[in-house]
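Input: structures, listed below.
Next come two complexes built around chain A: one with chain B, the other with chain C.
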Partner chain A sequence: MARVIKQKPMNWVERLYVYECLRGLFTTLKHAARGFFRYEQLPTISYPEGQPDIPSNYRAKHRLMLRADGTPRCVACGMCAAACPAHCIFIEATKSDDPRIEKRVMRFDIDHLVCVFCGLCVEACPVDALRMDTKQIVFEHRTREEFVAHLEDLTNWDPKDYPEDAQSQMAPGGTKNAEARKVWGMEVK
Partner chain B sequence: MDIIESKSWVEWLITIAKFAFCFVPVLYILLLIPMERRGAGFMQDRQGPNRSYIKIPYFGKIRLFGYVQNMCDGAKLFFKEMFAPKGANKILYYAAPAIPFAIVFLSPCVIPWFGPMVFDWAGEVVRIPGSIVDSDVGVLLLFGLSSLSAYGAVLAGWASKSKYSYLGSLRTTAMTVSYEVCLGLSLMGVLLLAGSFNLTDIVSWQEHHVWGIVAQPIAFICFLIASIAETGRAPFDVAEGEPELVAGYHTEYGAMHFGLFYMGEYSHICINSFLIATLFLGGYSIPFVTTETIQAHMGGSLAILCWVLAFLALAFLHMVHRYSKKLAATKQTHRFEVLREYRLYNIVGWLAVIVLIAAGACSWMFFTPEVAHTAAGVNTLGTALGTAAIHLLVLVVKSIMFCWVWIWVRWTLPRFRYDHVMNLGWKVILNIALVNLVVTAIAAKLLGGN
Partner chain C sequence: MSNFYNMPKLPTENSPKVEIFVDDKAVMVPGDTNLLEALKAVGIETPHVCYHPYLPVSGNCRQCLVEQEGPRGRMLVIACYTPVAPGMKIYTPASSARVKNARKATQEFMLVNHPLDCPICDKAGECTLQENYMEAGQNEGRMRPEYGKNYHGNPAHQFIDSKGQVRGGKHVDIGPRILLDEERCVQCDRCVRFMRTIAKDEQLQLAGRADHTYISTFPGEKLDHEYDLCVTDVCPTGAMTAKYFRFQKRVWLLSHTPTISMDDSLGANIWLDHADGRIYRMMPRCNPEVNRSWISNTTRLAFQTFGENRLPAMGLKVIKEAMGEGKVAIVAGGASTIEDLAAIKLLKETLGDKAEIFGGTFKKVGSPDGIAMSGDPMANRAGFKLMGIADDNLADLVKRASEFNVLLTVNADLFGEDAAAAKGLEKIATRIALSAFDDETAKKSTLAFGIKHWSEVQGTMVNCNNLLQKLNAAPTCPDAELRPAYEVISELAGKPFTSAFEAFKKAGEYASVLAGLAYDSIKSTGKLLEGGNA
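What follows is the complex of A and B.
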């Protein structure tokens, strides 16, 4: 697979170096002038005070989607744990009370110190239970144990933070929750 | 005692006050370090250091556009522990950083900061030169002093007992010595035209004929390259090449020792840019205007100066205004405290504008020729001081321009290899300077110059 990249030989102006120097100097002068006279146009964000604009498909911290009744959508199939290249997802299943669902998740831990944020778990999930669209990119905790996100942490999100997402609005507190409950049909204990 | 009694007290006062110019390079360090760091940031589309602040009670934080960072760095260097590596020669190790820094105070002696002051005092004509030492070998003295800084590098490299320091000091010495030759030779053309080693004479020749950069463009380029190389800055900083040597001759130095080397480097830049401005850019003179013209219209000149400064203050205010408008529109959490700081700058800026415009108008109306001159060619003390102030400002502006060239070049061009630097010095620049000197000499003879 060795690929030889042929470089264009320099012409005599380039070999003289003086003209290229001046070109480089002009480039840096342009940038310096922009920084000086148009300081506010610099692409840098003064970070902790100003937050970057994160797109919704950015792979950030995970969350578990909820059904209309507030139970996690996860059916504990273990496909995310199987897909995970870093082996950071730990799932324990238990029997579901709902006759339409075979299993429900009892323990769902994601170790964010091990996670590589590849997003394969999200791809693997057959019921769209796991998502990485929280836009939370800062993880700061005191101990290693706190970096492990449990089921409560993963399901603890607010539908108001995802106004465009119809799926999220079906969770309790969302705008489409009542409608979704009707469709879901059954009150689950 | 004759010398003392022959001078009036005003003459003594001004002569002693001129010693304050020794501290100009030190002040330039305070200017150059933020200029370099913010300039480097802007060139790389960064903001540069801007986060340090001073907390003022009942007001808030003051960042001074990031200037506080340099105070913090200085304080940190100052309070760090000073130590010497094991086996170092203690005396030389501790003495070495003082040498480049001591030269900082000596070099400004021969630079003419303003034209000779000629004024009438109690019926006698007093003449005070613009430089601290009005020497007829001024240029040679300056070169001698700046070559001395090589001793600092040699001693530092030798005394630290480290091979990296030693190699770095060898390289620094070789660079300094070889580029001194180019520096001196490229300068000779201007000296030839002016016919003097006295910097005041060189400046006055440029003022009345043509600037050195026009008369000797090739010499100017050679001199600029050679003086960048002589200060040992990028792209010629082979002595500090991090891939090969750790940091050059000051590898083993920390705390304020390193600080002294660092400040010595910046003041070397300052001295060199003053030298270039003096030799090639007409020193304190203003283009197309001679000192005599300025003195004849002193009030108007001062008014123009004040109004130029007022315009700069207005430009500053405009920038602050535009930036605060943008900042107020964002959601940054610190915007209110920054905006409060900018309001302070607004007040200071508007005060400066009002004062400067008023001062300009006053000097325009009240500083009439009757007040300014006692006789033809002899001015009052006020005119002489006003001329000196204008000259000094002009020189400072020119030198800051060249200081910027140093920073600009450093953050643009990649480092040369060691043998390339030596080739450039000995085989290219030296020869160009020599040819330029011969051509200048012949042309000057044929055209009937000096």
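What follows is the complex of A and C.
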């Protein structure tokens, strides 16, 4: 059922229109004046200089999580590529040199021109290797090829940018790396 | 354990029909087979792991349980080893919660120590365990996480992983072509039965007992047999995986083209699995009359060279000019399809007495191995006979080489097969090779023209059992300019065929058994030709 909103009838001052018109102009002038004298209080961001504050669960550019020894966690199972509605993920696998790991990713490309940033790839990943929490939302490149993020690009992130995330801290350079390395280097019988 | 005597009897078209009651509904099923096949014949799939239609019944997986009404009430029996009897009463999960629970419990037991390897397993996507899990399993996890997996198999391969779980038997090198993952194995013993009863070379064994069972070869021995890659096909899990396909492609990304292998006159039925315009693997396609579920390693691994060393496509002007002068000897190779042969006959008719057709191979003709090879490298030999083309007169050609001015070879690598025997052919001044590959004959020829390989053409062949079989074109041709042999040859003859079927219709004019047939009337398992002379 439609909700009927009853509007308050205007009084005669409002119906005169002149007063209301000036009130509107004053609002505009007020913001313009704030732009001159109290710039930092403006509700809008002057975009290229000011960057928006992005929450960590915002679906931004992808990154690939790293193991304690710095190799990507990705096992090239292709689940993300299978889940991807835009077909923008290209994966090739190869044999790993590490005796504990059988399969390792050789090529992991995400075409960000095709990507729709739906986040299904992140949900599909069985080893929590793929995340979209880089807060990087701006993609500016000169050629189409540069929009394709390769393995080196996706694994090139700093644990210091993710101080609250325990998993990220296990990567080389993180606070929990030494601890994770101990578990990772467990005696293999 | 299995023995030689309990091969499953598979239903045929002539099976007597008997009435049985499935879920209290009367159905007519083939009467001379086991329950699993009988239910399949009426469209009821029973999940199974150890049963394979071309291997002896072992009955150890207990996944195919159904309920049967017996003198002592309703009992759980395995469908794969229960013969069909008229009037028997069967209950499937559709009506019986007990069967449903039993299958679910069996599935759960099978997966207790099965590793969560699906992301890195080459079998994922075509794995029987995955299929059964979706159909019969879907258990909630009842394993305590602190207990985890606890692998008890081969003690030599055990280790403790980074989560503290007892694991073992990863990527064991069991032979030159196969990797074994003991942990993924569910001890269905299909591979053991395959090596024992089909390959007739018992190289695999189940070692240990109960929970400690694992697949093994004899000490110091490796799994090495002409048919050993078939164990990767029969393996219901990812325990046996082929090295050549290891981590190459996830199987759900492969497209499948049903076709015929043209390297042997049995014409093994195969699937060409391709993606991104190249073949990734070749799998057997089940044909009860030809190769059942088996193909040899030679056939299977041949695809690796299909895309390499190819000849480029070229215009036909030069070849037409070269053909104009003197007598022409046309040599058709064994991989020529019926369509190619029709085009060759057409070319012969156009050239008249100037041309003569030869056929055959310099390769040695072996003997059938009884599994999936007839030993005859000339694949379409029966088709040659059918079309009235000589299939074994190359020696005659070599003897009379000086009579000819032009040698046109089609799909025939004469110099590669036997350089010594083919040496006499060098007397022929103009040698034109129509070949897919830049092979020895193409190198020795004066003009070499690229054509499509048999994996990339549509066509037909007749195998040594007189079965007309259909080849389908896989979209894996490396060069869009390349054309099939029948198109090129018919253009040389001046009456170009625009499609394979047009060539096939022309073949019907030369061989009356083929007249009136359409490609659609040739089933995927082939069509037996009456009155052939193979």
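Criterion: the second predicted complex is superposed on the first by the 143 of 189 C-alpha atoms of A that agree within 3 Å, B and C clash if a C-alpha of one lies under 4 Å from a C-alpha of the other, contacts with A are read in each partner's own complex, and residues count from 1 in each chain.
By our rule, a residue touches a chain if its C-beta (ideal position, glycine included) is under 8 Å from a C-beta of that chain, and two chains touch if they have at least 3 such contacts.
On a predicted model such as this, the values are computed, not experimentally measured, just so you know.
Visitor: In the overlaid three-chain picture, which partner chain does A:42 touch, first (chain B) or second (chain C), both, or neither?
Guide: Touch status of A:42: first partner only.
Visitor: So, A:50: does it touch chain B (first), chain C (second), both, or neither?
Guide: It touches chain B, and chain C stays clear.
Visitor: Looking at the overlay, does A:178 come into contact with chain B only (first), chain C only (second), both, or neither?
Guide: neither
Visitor: Between chain B and chain C, whom does A:82 touch in the aligned arrangement: first, second, both, or neither?
Guide: It touches chain C, and chain B stays clear.
Visitor: One more residue to check, A:28. First (chain B), second (chain C), both or neither?
Guide: The answer is first: A:28 touches chain B but not chain C.
Visitor: For a test of understanding, state which residues of chain A touch chain B in their complex under the given definition.
Guide: 21, 24-25, 27-29, 31-32, 34-37, 39-40, 42-44, 46, 48-51
Visitor: Using the touch rule from the top, collect the residues of chain C that touch chain A in their complex.
Guide: 118-120, 124, 158-162, 164, 170-171, 246-248, 250, 252-253
Visitor: Please give the residue numbers of chain B that touch chain A in the complex, ascending.
Guide: For this pair, the touching residues of chain B are 38-39, 41-48, 50, 319, 322-323, 326-327, 330-335, 408-409, 411-413.
Visitor: Which residues of chain A touch chain C in the complex?
Guide: It comes out as residues 75-79, 82, 93-95, 100, 102-103, 126-127, 183-184, 186-189.
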